[in-house]
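What follows is a set of structures for review.
Paired with chain B in one complex and with chain C in the other, chain A is shared by the two complexes that follow.
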Partner chain A sequence: MRRVLSILLLLVLVVGISLSLAKIPFGVTKTKVGRHYVDQGVRETGATNIVTSVVLSYRGFDTLGEVTVLFISAVGLGAVLTGAAIGKKRKVRAASVILTTGCRLLFPLILTFGTYIFVHGHLTPGGGFQGGAIIASGFLLVYLGCRERRINRTASSVTESLGGLLFVIIGLLGITLGGYFLSNFLPKGVPNALLSAGIIPIIYIAIGFKVGSELASIIDNLIEES
Partner chain B sequence: MILVSFLILVMLIGAVAACIFKDLLAAVIAAALVSLIAAILFYMLQAPDVAMAEAAIGAALTAAIFVIAIRRTKRYEE
Partner chain C sequence: MMSFLNNYAYYIGAFGLISIGLYIILVKRNLIKVIIGLGILDTGVNLFLIAVGYVTKGTAPIFSRPGINPARMVDPVPQALVLTAIVIGVGVLALALSLAIRLYQHYGTLNLRKIREQKW
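Up next is the complex of A and B:
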């Protein structure tokens, strides 16, 4: 009896879902908002990278939530791991000459590339999250190649906090100057110029510093404390 | 088109290998290979920003975190 009922329920679900899905045409743009972003995004936000204009201008509040999630996960990892290795002093075997030399040569280049990615986030593909991840992978290379070097924890946590604070302060300035949270109160400038798109490059630079220091401190916590 | 099919095939082999390897270090490298090919595919499908995030986080940072975890625990699965 129960089996028959469940099969009946399943049939009703299948028929209902397939009937409602059959009404939706495939391959046709159903919403107007995507078309609007593509057509008017450059004019309304000043950013030639449409992904950035959606991420930081039309959906800026979502991005603040994402940054908060990353912050909470880094804080949670630090809280779990801090003090796990108190008193343990491991001997660090030095890396080979090839690894050390490669690390010394590549580390500044990786930092420069990551900075380029998040400074040009409103012009070319990429942005704060990608640039921050690239910078963190540079710090990972330091942990592999130059093993006696460590990142300064105070500096990384201060950078992280300042990046988050700058994001929120710009959002609050938007309320006072533009009327709503994260409104673009600076002049938009000429599209394709480095100093254009108002607050978007400033926020992306803040996010780049924040994500880079957060991911680097996650790696530092894992290597040092576990 | 042939290149895309080949990459997807290698990606599938890597994914299956990551599941069945008993040596966990090899499994992590196979998983990183899947991420790397996913990044190349994202780039070929004209999503370069997603490709950058995938290459930096999926192939580099996640693999490093798994390797650190393996170094602190056991390398071989029973």
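Up next is the complex of A and C:
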């Protein structure tokens, strides 16, 4: 009964949404604002990666909200899981030699790659969120390969708070120096140079540290407390 | 028929993912499967947004070298929105999994029917 009702509901949704989807043309430009960003983005923000200039310059306030949502979900996960494993001793079987050696070899390389991704976020594909996710995957590899190693929780929460604070402080400096929140008060420099685009690389580095330590602490909580 | 498929393959795929995710959420009783359905639904919505912003034979909106024609770049706005949506999706999945862990520790089962029948 429940299954039949669900399938009927799905059918109604499928017909309704596909009738409206058929009106949307595929493969043509639809928004004027997107054209404006592509045509004027490099001149207005200095970042050659237009997605980065949209995320951090045109819609920087939006990104601050997004970072806050990720922070709240990490805090919520910690609050829900804290104390779940009290009094339980978990048996940890040591990993094989191949996994341990591979993890020791790969971990610094993964950290370097993640840092490269978020430092070059305004020039190449990638950015703070992607680089942070890569760094957290390095910590996941450590949890798989060297199972007695744990991240330092104080250090990870300090990094997380400093990243968030740097984002907000740069935004507030924008009010004093540029007139509005998150205004780009630093010189824009030459496009495609590493030191260009004003505050955008600084904010992306802050986001990279914040997201990396947040996702690593989520992994740590899920493994330790359950 | 082929041109229809060429034009709407991404929409059909995205919408298929959305329907599969909704079906799993509505029908399945295992909480982990419901969370997996949430993830599939999320992926479908992201694919749909990216497909809306696509321009035929377009390039990525990055001026990595001089001489790239900006008129052929795809729309950057949906890509920025999907970047946001992916991050929010990760947060939602992590929180849902932690709640599932606590529910399993409390009730000893992940079956939603049985959880509803039991007393608190």
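Here, the second predicted complex is superposed on the first by the 195 of 226 C-alpha atoms of A that agree within 3 Å, B and C clash if a C-alpha of one lies under 4 Å from a C-alpha of the other, contacts with A are read in each partner's own complex, and residues count from 1 in each chain.
In this section, a contact is a pair of C-beta atoms (placed from the backbone, for glycine too) under 8 Å apart; a residue touches a chain by one contact, two chains touch by 3 or more.
Keep in mind that this is a model prediction, so the values were computed, not measured.
Within the superposed three-chain model, A:2 lies in touch with chain C and out of touch with chain B [touch as defined at top].
Of the two partner chains, chain B is the only one touched by A:223; chain C is not.
Partner contacting the larger number of chain A residues, of chain B and chain C: C.
When both complexes are overlaid on chain A, the residue A:129 reaches chain B and chain C alike.
Legend: residue contacts after superposition of the two complexes on their common chain; A:50 is shown touching chain C, with no touch to chain B. Contacts of A:137 after superposition: chain B is touched, whereas chain C is not reached.
By the document's definition of touching, of the two partners only chain B reaches A:117; chain C does not. Once the two complexes are laid over each other on the shared chain, residue contacts for A:38 go to chain C alone; chain B is not touched.
Across the superposed pair, chain B and chain C both touch chain A at residues 51, 125, 127, 129, 215, 218, 222, 226. Across the interface of their complex, chain A is touched by residues 7-8, 10-11, 15, 18-19, 22-23, 26-27, 51-56, 58, 60-64, 70, 73, 75-77, 79-80, 83-84, 86-88, 90-92, 94-95, 97-99, 101-102, 105 of chain C. Residue ranges of chain A in contact with chain C, taken from their complex: 2-3, 6-7, 9-10, 13-14, 17-18, 21-22, 24, 26-31, 33-34, 37-39, 41-42, 48-51, 54-55, 59, 62-63, 66, 69-70, 72-74, 76-77, 80-81, 84, 123-125, 127, 129, 191-192, 211, 215, 218, 221-222, 226.
Across the complex, chain B meets chain A through its residues 48-49, 52-53, 56-57, 60-61, 64-65, 68-69, 72. Those residues of chain A that touch chain B in the shared complex are 51, 117, 125-127, 129-130, 133-134, 136-137, 140, 215, 218-219, 222-223, 226.
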